Structure formats: structure tokens, C-alpha cells
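Heads up, there are several structures right after this.
One chain, subunit A, appears in both complexes that follow, with subunit B as partner in the first and subunit C in the second.
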Partner chain A sequence: MFADYMINAWIATSLVAVAAGMVGFFVVVRGAAFAAHALPLGAFPGLAAAWLLGIAPWSLILAFAGLGAFGLARSGEKAPHHTATALWLVSMLALGNLLLSRMHAYSNAVFAVLFGEVLGVSNTQVLAVAAIVAVTVIAMALLYRPLLLSTLSPDLAAAAALPERRIATLFLLIVALVTSAALPLVGASIVFSLMVGPASAARLMTDRPGWALGLSVLLALSTVWSALALAYEADWPIGAFVGVMGAVWYGVGRIVRWQSGRLRRG
Partner chain B sequence: MDQDALRVDGLFLSRSGRTVLSGVSFALAPGSFCGLIGVNGSGKTTLIRALLGLLPADAGGIEGAARGHRALGYVPQKIDADPYMPLRARDVVALGFDGHRYGLPLPSRRRRDRVAAMLAAVGADAFADRRLGDLSGGQQQRIFIAHALVREPQLLLLDEPLANLDMPSIAGIVSVLKRIARESGVTVLISSHDVNPLVGALDRVIYLAGGGAVSGRPDEVLRSGVLSRLYGHHIDVLRVHGRLVIVPAGETHPIAPDEPHVERLE
Partner chain C sequence: MTLLSFLPAGFLDSGPVQRALVTGAVAAVISAIAGVLTLIRGQSFAGHALTDVSAAGGAAAVLFGAGPLAGFLAGALVGGFGMETVELRRRSERDLVAGIMLGLGLGVSALILGRIVSSGSNGGAPVTILFGSLFILPPGVILPVSICGAVAVVLAALFTRPLLLAALDPDLLTVQGGSPRLMRLVHLTMLALAVAVSSLTVGAILSTAFLIGPAATATRLSARPGRTMALAAILGLIAGWGGILMSYKSYDWTDGHAWPVSFCIVALIVAAHLLLPPVFGRLLKPRQKG
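Let's look at the complex of A and B:
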């Protein structure tokens, strides 16, 4: 399972898990899960177009995800604006569908777009992922406290003279960035699960924001590592396991919180 | 050095093109405990946003020592963060200390001591390590007051902090605020649609109605003649069982929603 051709897969998925776990924490506590669902799927036509044109997918995915992030930031990422998010999502799926219908490689390619293709990651791909993840980690470290404050209350952030709207836009762009790194590996339909599943459990398991963020990264790492092992040993598609684990982590988190609540009450 | 903590002169404010305040003037003495009273929609929140520097004035000025976000503490009307957000009461107060700074928070003795001192000052020691979402409304309000005070502002602005609290919590919050104003010399401006829970504690009342304001000692302002001139029609100020009831002539319902408070008039 650690054969030469697997090494790149291990490195790339681990890097993506670190970024997804960090960003996912804020996705969950900001209530931006739906936006994080729409961005990867909204970037799906980018991947399809790249496939059709026979070029490296990164730039087109990033373009679509970035466009989506800007659009969502303008309409707002939270509940009252779910209509805009949903419409973006569906129109992008429609565009992707159109592009795929022009392709002749059909099912294999469609499958890879939606559910990821982790075996056979090239050295250039690993470098691109590493660069994106490095930018993400630095941006998250810089924005950590302002994001916490504006998540707690946009009013408090504004009163502390923070550019609250700009921070929200920047955050969605970071989500788009992580999306573009993760999408070709785990697939458009699974990125969401990797971003949200571990984080949603971690926030229930500890009361401290820093610990929850760290725990979210650890759970994301354990998810992709087990997914990769299963992909190698049992020939499971990596996306399938990552997708299911997201929901499993959420359930584990609920149980831990329920138990700790019982302990506290005696 | 300014004599007043804050001086508002002929202030005009509008919101979405509608003039909310037209020519409001008042001054707040340092260390005074002031109530901003008016029905819903009378411009209390608009005025507070202008004092915070979040809303530009159409005309008139705001002057005094308590200008700029460093000199102001703020408790917004509504904070609806994710109840599962992993954030202890202590973390919320720490975000008041340095939540506006970029970069990761390094361990700091000064921050830890300030946060502990503020938690003690608002009587929150007992629940300092509990998750914000697990606290009662009154407990959360104490934490947000500590958040607002931790950077030692000169003026503390609270937007309807007593709404939706039960009577013991209201009495507790008012006595904490009153003590802080007396002991640390912070000027407190607290808005409320109902004057009754505050009236025994206030040094000064600023009463908003019909786009204007009158200010003065409670016994100067809360009078039939004064409020009738402000509203432009006859207003009765009645004392019923030790409570103030403010009613326009010819209407059966009092202006301030009548909740069963037991605060006594001096």
C-alpha cells in the first residue's frame, strides 16, 4: 500500500485533509455548510471543461469555484440567501451536464469527476496541492481570531473595526481554494463531506475552539488515510468511504456530546 | 481633555433613506449611568450604531473623549451564534481583548489575567469554563458585558440588553452595570423600550420619540409636560403600584410594553 505509485496519493490526500479540516471547522460554525456544498459542485463544470479541452483541471476549477465564492459572498453565505446558493448550484450542475454530454469518454470520466481519482497522482499535482494547502494554512492562521469574532457576531466584529464583509468574502475564497485542491482527488460530490463531517464532530467533542480545529484536522486525516487503505486493499473508490465517514463522524460527535452532557448533569 | 465622555449636537440620522433622528442633542458625563429609552423603531439602535462609527451622520456631530472603537465597548442587541460553536465563556471574553488582531493568539499572561478579572467583575466565575451556548440568557449577557469591557473602554453601549431576560437576571445585570460605572468610571449607555427596570438606577435618561430626544435626570424627563412636548401630543405619565406607565391620551395601551417588573421608584 506504500508502493511508489501510491506515495503521491498519500501525500496529496493528507495535505488536502489538513486544509479541509481547518477550513471545515469555520464552515460548520459559520453555518456555511450549504455554501461549502455548492462551491465544489459548482466547480464541477470547470473540471468537465478541462477534461473536454484536455488541459490541467486546476485553473478552470479554481476559476469556477472563485466565481462561485464571489457570487455567494455578495448575496451572503447564510440561511436567508440559500435560494441564491441553490440556484448557483443547479445552474452549474446543468452546465456540467451539458459539457459532459459533449464528451466521448463518458462514464469513466464522469465517475472520476464526481467521485475522485486518487491513484496515479502526478508529481506536478502534488506540488500544486502543496502550494494551495500552504496558502490556505497561512490564511487561516492570519484570520483565526477575526473569523472567530465575526462568526460569534458580525456586529461585534464591525464594532471592533474589522472589515467584516471582506473577511467573509476572503473566507469563501479560501473554501474555493481548498475545493480546487481536493476536487480532482476525492471528487466534486465528496469534498463537502471531507470538509464538513470531521469538523461537525470535532466541534461537539470539545468546548475549546483551538482544540476543535485541531481535532477536526486529525479526524479528516484519519478519514482519508482509512479511505486510501481501503482503496488499495479492497479496491473501493476513495470517495465512497470519505463520503460515508463524514456522516459517521457527525454521529460519533452527537454521541460524545450527549454522553458528556449526561456526565455533567450527574 | 473633554469634560463630557460624549457630546451629541444636532444629530440627524437616516436608515434606508428614511430619517430616523432629526436634531438630537445630549451629553453624557464620565462615569454616569444613562438610559436610552424609546419604543421599538424610535431610533435607539440607529443612534448606537452612529455612536459606534458604523453609520455616518447626515448632519450634526458626535464629540467627546469616548470616540473611536478603542474607547467604546459594545453589547449588540442580538447575538445568534451557532449554539454548538465550541467557545467557552472565557474564550468570548478573550475575543474582546484581542479578537480584532490577525494571526494566531500566543499565550499571554496579560490577556489571561485581564479575562479572569473581567469574568470576576461581572460575576461569571462559576460558569467561565462552560460553553457559551449552554448558558442562560442572563449568563450570556454577563459574558458579553465582560467581552465589551475587557479592553477598558470609556463608554459602554448596550443595545436592549434586558430584553427577553427574567426578573432576577435583569436585576443582576443592572446592579453589575451600575457597580462597574461607579467603580471603574466607565460611562454606561443602555437602551431599553421600558424604563421601569432601569429607572431607579439611572443618573440620566435620554428619551427618544418622533425623531427627537429629551435628556436629563429621570425625574426631569419622565413627566407628562416634557414627554407631551416631545411626542407633540398629550402624554400621561402615571405611577401605578410604584411603576411608571407612559400612555398617550385617548389610547388604552401604554407606550412601553407592560411587563411585570417590580422595580420601585425612588
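Let's look at the complex of A and C:
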């Protein structure tokens, strides 16, 4: 399981989990689940195009994810019906489908793009992931306080004259960054689970933002580690376990919440 | 026949094309009705989450050698009623639960599709489930698809007023002696039917396009719910049939390599959404005061 060719997969997925756990916490408290789902799937044509052209995927994925982030920010993250988000999502999926349909192993490619392919991660890939994750963590550290303030108390944020819209856009760009790092590894559809599952459970388990953030990272790490172990041992696609585990964590979070509420009420 | 002479020779005589046209039409009509209600309720994301849960059902049905339609429907029903049972106070919490369900559905889909692919029995299953199988539907599919369509239309006709009222103002419905909860369940059932048939048409993860696209376009063109639904159905129908024709013709455009029909349909839906409201919006929908 820790053979040489697996080491890179361990490193890369762990890095992704740290970033996803951090960003996921804000996705959850800001109620930006749909955007966090649409951005990875919106970057799917980037990966498909890169495969078709036989080039390294990062630049194209970053371009599509960034484009999506700006588009969603402009249409308003909290637009009443999420219509723009839904339509962006389906257009990009359909475009990715068109690109993949030109490949020989069409069905396998669809599967790998959506559900991930972690075995055989190259050194360059690890470096690229590390660079993207480093940028994400730094950006999160810089934005932590304004983001928290604008999320938890919009009134206070307004009083402090925080640039609300710019913060929202920056946040979506950070989500796009994490997406780009994670996409080729765990798959377009599963990046989202990694962001939302652990973070939503962590938020239910503690009310203190700092603790919840740390817990979210820990749960995300444990999720990808078990997923990777299972992918290796039982030949499961890595995405399968990440998706299921997200729901399990949420269930655990609700039970913890319910229990602690009962204790408090006596 | 001169009216239809622009169609490729033999287009309407081909069995797969006929089945595609019927299935696409049913998907367009049910999705229009369910989609407008979903938009009024502001539940796009929940509707989308349902499609991913239905993907897991479709995959499971294929694994057990059944047709995917029953699986799509079962998956969407389980997902919908599952979301309904979790007690939710705030909208952001509702989105979160929808997201968790969605992740679970995709995880299970990945697992089952992985099994099917690695067993070597049906290598095309991921594409069939996720991006549709409109041109390879078996002849027996027309009957169940029509039943799905009929059930949805009958439900919509029986409960038109309470369904709309429950979406717009549940308290008012309660005052009038209706049950918002029952209407939510009726809406969920219609949603599940729409998602199931659309999943056959454009695939589970793209069925959101049918559900949200025409409904959103129609909402921007008309203010009255009934007319919005009719308009959405017509838009969906044009996109569905146009996409089938486009995919069929694309075989000649790009050196014998047809474009996926799901891409063509979604492209038309999105194009309509981008182009029609700016052009016709003012014509059809009088500007509201204030």
C-alpha cells in the first residue's frame, strides 16, 4: 500500500484534503454548496480538453474553474433560484461530454474524469498540487478574518466597510483553486463531497469556528486516507468512498449535535 | 410531406429515432411542469441533487440486468423522500443536506459503475447512465415512459391549484384546508418522474438541464404559472427534438463522428436561455411597476 508508486498518491491526496477541509468549512457556513458543486464540474471540460490534446491539464482546468468563479460571482452567489449556477453546470458537463466522446476510451474517460484516478501520480503532478494548495492555504490565512466576519455577521462586516462583493469573488476563486488541485485526482464529482461532508460534520460538532476548521481538515484527511487504502486494497474507485464517507460524517455530526443538545437540556 | 422535407431521408422511419422522439417529448413535458414548480420553490439545487441520486439507482438497475428507467425512478424517489424526512429549518441547511445526498448518490454511482466496468460486462455503462442512451433505447421502453408521463400529467391536472399555492404560499394553503406537506410529496413524485425520464434522454447528471433550463427561460418570458409551464414544455420539446435532429445530422458534419445527443439538447436549451429572454422578454412579459 505504501509502495514507491503509491507514495505520490498519498502525498497529493493528503494535500488536497487539507485544502478542501479548510475551504469546505467556509463553503458550509456561507451556504455556498451549489457553487462548490458547480465549479469542479464546470472545470470538467478543461480536463477533457487537456486529455484530448495530450497536454498537462492544470492550465486548462484553472482557466475553466476561474472562469466559472467569476461568472458565478457576477450572477450572485445567493441569487434566488441558483438558475445561473445550474445552467453553467449543465453546459460545462455537456461540453465535456462532447470532448470526451471524441476519445477512443470514451466511457473509461468519463468515469475517470468524474470519479478520479489516483494511481500513478507523477512527481510533476505532486509539485503542481503542492503549489496550488500552498497558494490556497496562504489565501485562506489572509482572508480568514474578513471571510468569517462577512459570513457570520454581514452587519458588522458592513460597519467595518469590508468589500463584501470582492470577498465573495475571492472566496469563489479559492474554491476554484482547490478544485483545480483536486480534480485530476479524486474526480470532478467528488471534490465537492470532500469539501462539504467533513466540514458540515465539523460544524455540527463544535460551535467554535477555529475548532470546526481544524476538525474539518482532520475529517477530510481521514476520509481520503481510508478512501485511498480501500482503492488500493479492494480496487474501489477512490471517489466512491469519499462520497459515501461525506454522508456518514454528516450523520455522525447530527448525532453528536443531538446528544450534546440533550445533555445541555439535562 | 413537403413541410418535413428538410428532415434527413428515413429519419422518421427509424425505430431508434421514433423512440428517441417520444422519450424526449415526454421528458420535456414532465420536466417543464415539475421544473416551474421547483423554480417557484427555489429548489434548483435539491432538484439537481435528486438527479445524482437517481444515477445511483440507474446504475444499480443496470448492475442487476434491468433497464435503467426503473432504477432512475426508484433512486429519485428514495432521494426525494429522504431529503423530505430530514428536518430542516433554514434554506442553507436544506442546500447542505441536498449536497450531502448528492455526494452520497455520486459515491454509490461510482462504486456500482466501477463494478460494472471492471466486470467487463458493460463497458459503456458510465456513459449510458450519466450522459443518456437516447438512441439505443430498447423497443419496450415506450410503454413505461408513457406511463411516467401520464402519471405526472394527471397529478398536475388534479392538483394544479394546491400545488402552485403550496409552492407560493404554504400558509395560505393551510388556511384553505389544504396540506402543504401532501403537496410537497406530490411535487417530489412529479420531480422523480421528470428526473427518471430525462435521465434516459440526456443522462442522469444532465437531466438538470431539462428540469431547470426551459423552466427558467419561460419564467423570464411569462408571469402566469400556467402559461409559463406551457411555454417551458414547448421550449423543452423544441430543444429535445432539435437536439435529436442535430445529433443525427452531425454524423455528416464531422467526418462520420456524431455528436452526443445529450450535448446537442443541452446546447439548444442553454442557447434558448441566453438568447430568447433578451429578445422577446419585453414583448411577452409586461414590465412590472415599481
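Basically, the second predicted complex is superposed on the first by the 262 of 266 C-alpha atoms of A that agree within 3 Å, B and C clash if a C-alpha of one lies under 4 Å from a C-alpha of the other, contacts with A are read in each partner's own complex, and residues count from 1 in each chain.
Assume a residue touches a chain if its C-beta (ideal position, glycine included) is under 8 Å from a C-beta of that chain, and two chains touch if they have at least 3 such contacts.
Here the structure is a predicted model, which is why all the values come from computation and not from measurement.
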Query = Given the touch rule stated above, what does A:A161 touch, subunit B (first), subunit C (second), both, or neither?
reply = first
Inquiry  = Contacts for A:V224 in the overlay, against subunit B (first) and subunit C (second): which applies, first, second, both or neither?
reply    = neither
Residue contacts on subunit A - larger count, subunit B or subunit C = C
Ask   = Of the partners subunit B and subunit C, which touch A:G31 in the superposed model: first, second, both, neither?
value = both
Task = Could you say whether A:F241 touches subunit B, subunit C, both of them, or neither, answering first, second, both or neither?
result = second
Inquiry  = With both complexes overlaid on chain A, does A:A182 touch subunit B (first), subunit C (second), both or neither?
reply    = neither
Message = Let me test your reading of the model: by the given contact rule, A:T151 touches which partner, first (subunit B), second (subunit C), both or neither?
response = first
Inquiry  = Let me test your reading of the model: by the given contact rule, A:R208 touches which partner, first (subunit B), second (subunit C), both or neither?
reply    = first
Inquiry  = With both complexes superposed on chain A, which partner does A:A86 reach: first (subunit B), second (subunit C), both or neither?
reply    = second
Remark   = Where subunit B and subunit C land on the same part of subunit A: residues 28, 31
Ask   = Which residues of subunit A touch subunit B in the complex?
value = 28-31, 141-146, 148-149, 151-153, 155-162, 202-204, 206-209, 211-212, 257
Query = Okay, in this complex, where on subunit A does subunit C touch?
reply = 28, 31, 33-34, 36-37, 41, 80-83, 85-87, 89-91, 93-95, 97-98, 101-102, 106-108, 110-111, 114-115, 187, 189-190, 192-193, 196-197, 200, 235-237, 239-247, 250
Key: Complex interface listing, subunit B residues touching subunit A   = 52-54, 69, 72, 74, 76, 79, 81-82, 84-88, 91-92, 95, 98-105, 129-131, 147
Query = In the complex of these two chains, what residues of subunit C are touching subunit A?
reply = 39, 42, 44-45, 48, 52, 91-92, 95-108, 110-111, 113-114, 117-118, 123-127, 130-131, 203, 205-206, 208-209, 212-213, 216, 257, 259-260, 262-263, 266-267, 269-270, 273
